[in-house]
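This report refers to the structure that appears directly beneath it.
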């Protein structure tokens, strides 16, 4: 069995009286491609915040390659190979696209080994994402779709083992969605990076990932192959009365 | 301009300016000292506050601490040690304070740094009153005017050179990232806390050293004179009017401001400050990127080349 | 024992009187900052303008400063509308983020401070001015206070309480509070920022003016009188929590007491050290104010 890169055990997050994440277990192994779905407010993004160190879990442990990182600041998670994107792109608007990518390379990615030459420098990362021609454009001037791609490029700069993608396909057209799904597949296949992908567009996600986690009201209610999860009673019930049904 | 070229240019300019004591009259020399003092202060302020957008009003505190190191040490310590010591004391103070307050942002940080300056001033006043029974002291043994001038020049040149190096360094990149989006910078591996403390302390070092070097120009030193909030305020104004995101902006604006101040302030003190206030308001409203943004506006194409040109100053739109 | 008790009573009353004035000085600034993140550092200068208005009204026409209060309120309110229109509206619109807005408004505030203070020097000179009004002493529980101080205290607390009531019970006040808690949500339910912001800014200045007019009854006035009050206001709103009007009242009273007791039990030069010490400590330890939950 492949090594476990990132593990969350019994992770809970409470904000005052509200339980955003409730005892979630998650293991991400090398080269895994995992999807996380769930209705709005299911705790998906909060889970990502804990996995990247931005929110300290109220209970539970987090470890990266067996090293306990619970309660450590975000830059430590990044340095250990966990990189992420944000739902609304948080690029450095006044820096060029290239400088945005170089940022991760200068810090989290600086001392990290990178087997694949797509990670060599900012130029090659931008080329991999199809952003080469906008390298010297200030990030704030890029289209929203390109800013989303650049978000991924910034995370690549950290030369991660695990990439956490938070709704990178939100607001994309059907066609762009297809391209993004393929890109995510390539990230895993060609670069060998494990990916955890949160998405509302369940259909596109189910077509790409090998394993799906379903969150509902902060709890994990299903964890398995897309085919299995799609038939799960609890999942169907969670989705009734609002969101599109899975698959 | 690359960091190396900026450092060389600064060194060359300093060499030229070093001839001033033998060429200029006393009046012009003291004018030059004022220019250099504000140039050094504004550049060191912009070193940290420009990229991070943290509006620090602590310059007066750093400057005053440096000045007090001189006040207490100039009679016994070697001159160079006084100046370096002033810088170090200010830097250590900034690092300690920074560790406690750099998580605050916006108006909180501005108000707090201002309060810190006043706190230090009153603490020193209280301390002097309790232990020496008098506030302030007369400096009897001071270096000659040429030495003072060369020291101020040295501190200012060092501040400019270090600022140029920082801009091109990882520290500079990290500070720009913190100004752009601090959390994002963290998730990309920046220990933002450490970087902010380092930047804040480095910036404080030069303000402290400048305070230590300039202090001997006053023969009588007391807390209201050297912790004068006006010094800190004017530094911020100079840097922001020049364009805090740039290196040349604060430098140029320091020269203009100091000349303006020295000539007009004594003759028309109230009208001068009235005009200054109006000017400040108009600039913030209509030219928030500082004077440097005028220059940049004229050559927008050149900007695309330098990848790390980075974030704007605190007032950049 | 008996003497000790009177002394403490004396100090407490003196502290409360000072504190009541501090509260009034601070509350306008706090409203402005709480609503629109505009830190108007020239607050004390507008207070000074109010003080001069009351002074001129009394010395030129003999009108009681208490009767000029409404006129001062209206005058400063109108000035506030103008200043908002000329300066802060543009900043609020053009700033890309709250931090930039705060930084810019602070700088414009410093500009206004230079402008108004030095304008006052040019117009009225640097002399300290004052007038005698209700200066005869009154005795309360064995301690003597100037009648004017008591009147000022009553007005300061009265104005603060009326303001709190307005904020709590009127539609406009509710809109202001809603706006402070959730600007987005308030706009969604139809609260008009274009009206609310200038009005609250104007009220902030009007309160500063009223505070100045009241203070002119007790202290001598000068163009530089405003600055220390700005600092006091900053300390008070830090203690009470930025944006909290009841916090300002409590914070003001608290600072008044701390200063009065502190000055008494140790040497008078401790006063400033104490104020700033409390200020810095609260900002570091409880940046959202002493009374924040």
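The letters A, B and C name the chains in turn, as written, and every chain counts its residues from 1.
Please note the rule applied: a residue touches a chain if its C-beta (ideal position, glycine included) is under 8 Å from a C-beta of that chain, and two chains touch if they have at least 3 such contacts.
As the structure is a prediction and not an experimental result, all values here were calculated from the model.
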| item | value |
| --- | --- |
| Pairwise touch network: line, ring, star, complete, or other | line |
| Core chain by centroid distance, with centroids computed from Cα atoms only | B |
| Per Cα centroids, the chain farthest from subunit A | C |
| Busiest interface, counted in C-beta pairs | B-C |
| Between subunit A and subunit C, centroid-to-centroid distance (C-alpha), Å | 49 |
| Subunit B and subunit C, separation of their C-alpha mean positions in angstrom | 32 |
| Subunit A and subunit B: spacing of chain centres that average the CA atoms, whole Å | 42 |
| Contacts with two or more other chains, residues of subunit B listed in rising order | 316 |
| Subunit A - residues contacting subunit B, complex | 52-54, 73-75, 77-79, 83-84, 86, 90-96, 98-99, 102-104, 106-110, 122, 135-137, 154-155, 157-158 |
| Interface residues, subunit C side, partner subunit B - complex | 33, 37, 39, 87, 90-91, 94-96, 98-100, 102-104, 106-108, 110-119, 121-122, 231, 234-235, 238, 242, 267, 269-270, 272-273, 276-277, 279-280, 283-284, 287 |
| Residue ranges of subunit B touching subunit A (in the complex, touch as defined) | 170, 173-174, 176-177, 180-181, 183-193, 304-305, 307-312, 316 |
| Contacting residues of subunit B [partner subunit C, same complex] | 53, 55, 100-101, 104-108, 110-112, 114-116, 118-119, 122-123, 125-126, 129, 233, 236-237, 240, 269-274, 276-281, 284-285, 288, 314-317 |
